[in-house]
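Look for subunit A in each of the two complexes below; its partner is subunit B in the first and subunit C in the second.
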Partner chain A sequence: MALAIRRTSDILCAARWLIRRDCRVLSTLPEKAEISQEVVVRRPAGRRPIANEAVLESRHIYPEFLPDPNPDWRNSLREKLERADMLKRRSQIDIPEFYVGSILAVTISDPHAQTKTTRFVGICIERKGCGLRAEFTLRNVVDHQGVEVRYDLYDPTIQKIQVLRLEKRLDEKLLYLRDALPEYSTFPFDMDPEILPEGTPVPINPVQVKLKPRPWLEKWERQELKGVSNIEEHLKGKDRIRRELRKTPWEKYDLMKQYRKTIPIEDQSEIWAEVHNQLQQLQLSRKKMARKRTFTAPKPQLG
Partner chain B sequence: MNQAEVSKLVSKLRIKVPAEPRKLRSPKGPEGRIDKLRKTVTGLIKYERIELNHNRGDEARQYAERLISEAIRYGDCHKPTMDVANYWLLEKELIHKLFKVLVPRFENCNTAYTRMLNAPRPLPSRVDDKVVLELRGNPYPSLVNRQSNNRLLIQNVLLDAAKYDYRQSKYAEMAEKIGQREEAQALEKKSKEPTKESSNESKTPEI
Partner chain C sequence: MFRTLLNKLSTVPSSCGFHTTACLNEVRLLTRLRVVDNSEIGKRAMAEGKPPKVICVYNKKGVGYIGDRVMVAIKGQKKKGILVGLKQTQKVKVPKFDSNNVVLIDDNGTPLGSRIHVPIPTILRTVLKERTHAKGADYTKLLAIATRFV
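Then we have the complex of A and B:
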């Protein structure tokens, strides 16, 4: 019956919706099968689509791809050229994902070294700068002497960057390790890389360091550090009073101050749309290469 | 060259943001500045249209825009955003207004959420430049008096009448011309009637 009416509906195209309604009365099909309700989320016209959260998450892994937030120092052409150069450099060497608190081994070419290369192992205590000028600082204690080396991330003399332990710490900068006991920044040069299983989030190391007695390089007590355990032991009464006086509890509500330090989502999604795909491809090809290397049989040494 | 902070995501403001924050003098220092701005932002959310000195109005506008954009982006179930709203709105019933009235109003807005207009200054005087800061979509009558499309405005009525008169005169002219031409053709026909029919046929398509 319904079919017959359908056939007539082909002829009477104009009255199709009426006949369909009849079909629904006659047929035993539930109403949902007939109605295809399309819920279209309409974005107001003129607003650019915002990249999804997964793409925006790469801001943690590649923070140097975001430009300087100070509008006086912005230049869209220079930023674009720098991003292209950074991608070119990344296609030459593997710059892995790392954070402040990770332990890295960096090999650079050095004309004065016997083997022409120098390898330094240390904990990353600071990451700063953007674009091609991005830099990071490694710290280690060698022969009871604290050593820090600042590397440019895109320095062409860098031959290899290896992450020995991928982890974060409780603070965004670990400059207080300079005033901490040396055991907290001592790492052996023959450390083996620790491999995290795929898909796990980057672990946060909750270790709290002990500071040496004063004098200190900075007034650590005023910086609200989470990774220091014994800061109260070294303070006098006047230090506590001054810390109270210098507190700025309103700053976390200063919306414009936050805004001036960040790149808004709309600008970020433009940048990630430009570089995210290439970065993903580079990462995938690196993974493939790493897998291939594990399967190659060692060559028999002749002679 | 500084690295941008990545811990927080913010929506882009639709107003021009100067590179440096403006100083508002206060004996309490930077805290006093924020307190002043809190009062102004609360007033703006409460009354929807306020008159201010230019520098304070411009500064408060940025904070109000940020507050509304945060509320739109994160909604009222986000604890940090609620804290921020609680800090910035000194009268607590305005928090409900922000999330239940202003967020639905501005959700699909493509422009800035606020509007700042220069206010008149009594002359001669040495007062600062005044501005009127208002939320868009407020219930008050519009401040900009754009009535160019109002057909009942006296200027528009007069213009319409003038246009009508002009058009009528043009029509009259055209009618007169057509009449003259027809008369001339009729005269020609009469004079050419004795000639051949073929010539007459060839002329007809031209007319």
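Then we have the complex of A and C:
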């Protein structure tokens, strides 16, 4: 009997571990996880704090609300104040949901420009930073010249952030676009926004870019990129050998490393309990406003 | 098998003893630049595949930043130029370009060409206005030949 219970608990643990590995920014506190292994036989429904899936989904939509996992940089009071400031800023300006690979148009007030505003359109190639220091980088090719602009997400000089095309790419960062052919990062400034029907998941664009011949800015062949098609053409035998030697296939089994890189689910549910309601309300009020605007402004009839 | 593995490791050290970081892409002495105006000398130098080299940066740091004046060696001549786009990591909201761009000027600040065919950062308006002195050179003439600002 005892053996049977043991075995079932083992299987459950393995299944839970697999599920946990699948989530990108989730992990559990290790001591609590060990406790749950013993309890799980009696109450398989779970002793983990009930985390609403929809609430936890917001970690993808608002990643900057999660603090940096480095314990040296954690400060609960500062994080709380920063979250309050971020919500205040979000009540003033619509910061939409976007991902690396989405095409954005950012309008900033610019004292150097003649019209006092500058609009830049580009593909988001990187998004990083936590709290008020969250930033993103846009890239475009203007007049055959690659241009990149980095923006702070909570910069008060930003007047408008518009998502022209909401989509994801195959990789977490698109820095390889700097070494790719220019047509992959060329977007017209007068692009029309593409509106997705409500409720559809964010589409993933499976486009694979072609890199220019070497020299490259980074050793792309070692980064296991999915969005590059012709990386093998440019490699020599020595590059392949070095790539094999530098591989770290054990890292995906390194639970401690993953734990240090992520915010545990218990901490996350606390944060989301604090901000999720307000974020939802903000989103709803924006939707209402948008609907009102479409109803009240009829198209002017010419002639 | 263990020996083959050892041999492999010894030919290619798995971790080199020094720390390597990405390069800074700074504009220093002997940096190659890209001439982006349509001046005759600049066009010919770029077409021949002999882009100009920096031989002096006119500031106290020795590293050229956006709007700085540089002296370049181009086709065996000395010319002055203004940096109008840098590869180096820039401040927030300042565009970073894929190449180090320069516009050739003469001693009075008048550009040698009549058109710039790449986008110019808007911050250059303020920077060049600050650099211009009433009696000395007027660098803002460069802004008049720009076609596009980002």
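Keep in mind that, in the parts below, the second predicted complex is superposed on the first by the 246 of 303 C-alpha atoms of A that agree within 3 Å, B and C clash if a C-alpha of one lies under 4 Å from a C-alpha of the other, contacts with A are read in each partner's own complex, and residues count from 1 in each chain.
Everything that follows uses one rule, which is that a residue touches a chain if its C-beta (ideal position, glycine included) is under 8 Å from a C-beta of that chain, and two chains touch if they have at least 3 such contacts.
The model shown is predicted, which means the values in this text are computed figures rather than measured ones.
Looking at the shared chain after the overlay, A:145 reaches subunit C, while subunit B stays out of its contact range. When the two complexes are overlaid on their common chain A, residue A:126 makes contact with neither subunit B nor subunit C.
When subunit B and subunit C are set side by side, the one touching more residues of subunit A is B.
In the three-chain superposition model, subunit A touches subunit B and subunit C at no common residue. Residue ranges of subunit A in contact with subunit C, taken from their complex: 108, 110-113, 118, 120, 135, 142-152, 155, 157, 178, 217-218, 241-242, 245-246. Subunit C contributes residues 8-9, 12, 14, 22, 36, 85, 90, 92-99, 101, 117-119, 122-126, 147-150 to its touches with subunit A in the complex.
Touching subunit A in their complex are the following residues of subunit B: 1-6, 8-13, 17, 19, 21, 30-31, 34, 62-63, 66-67, 70, 83-84, 87-88, 108-110. Partner subunit B is touched in their complex by these residues of subunit A: 44-47, 56, 59-60, 63-64, 66-73, 127-131, 133-134, 248, 250, 253-268.
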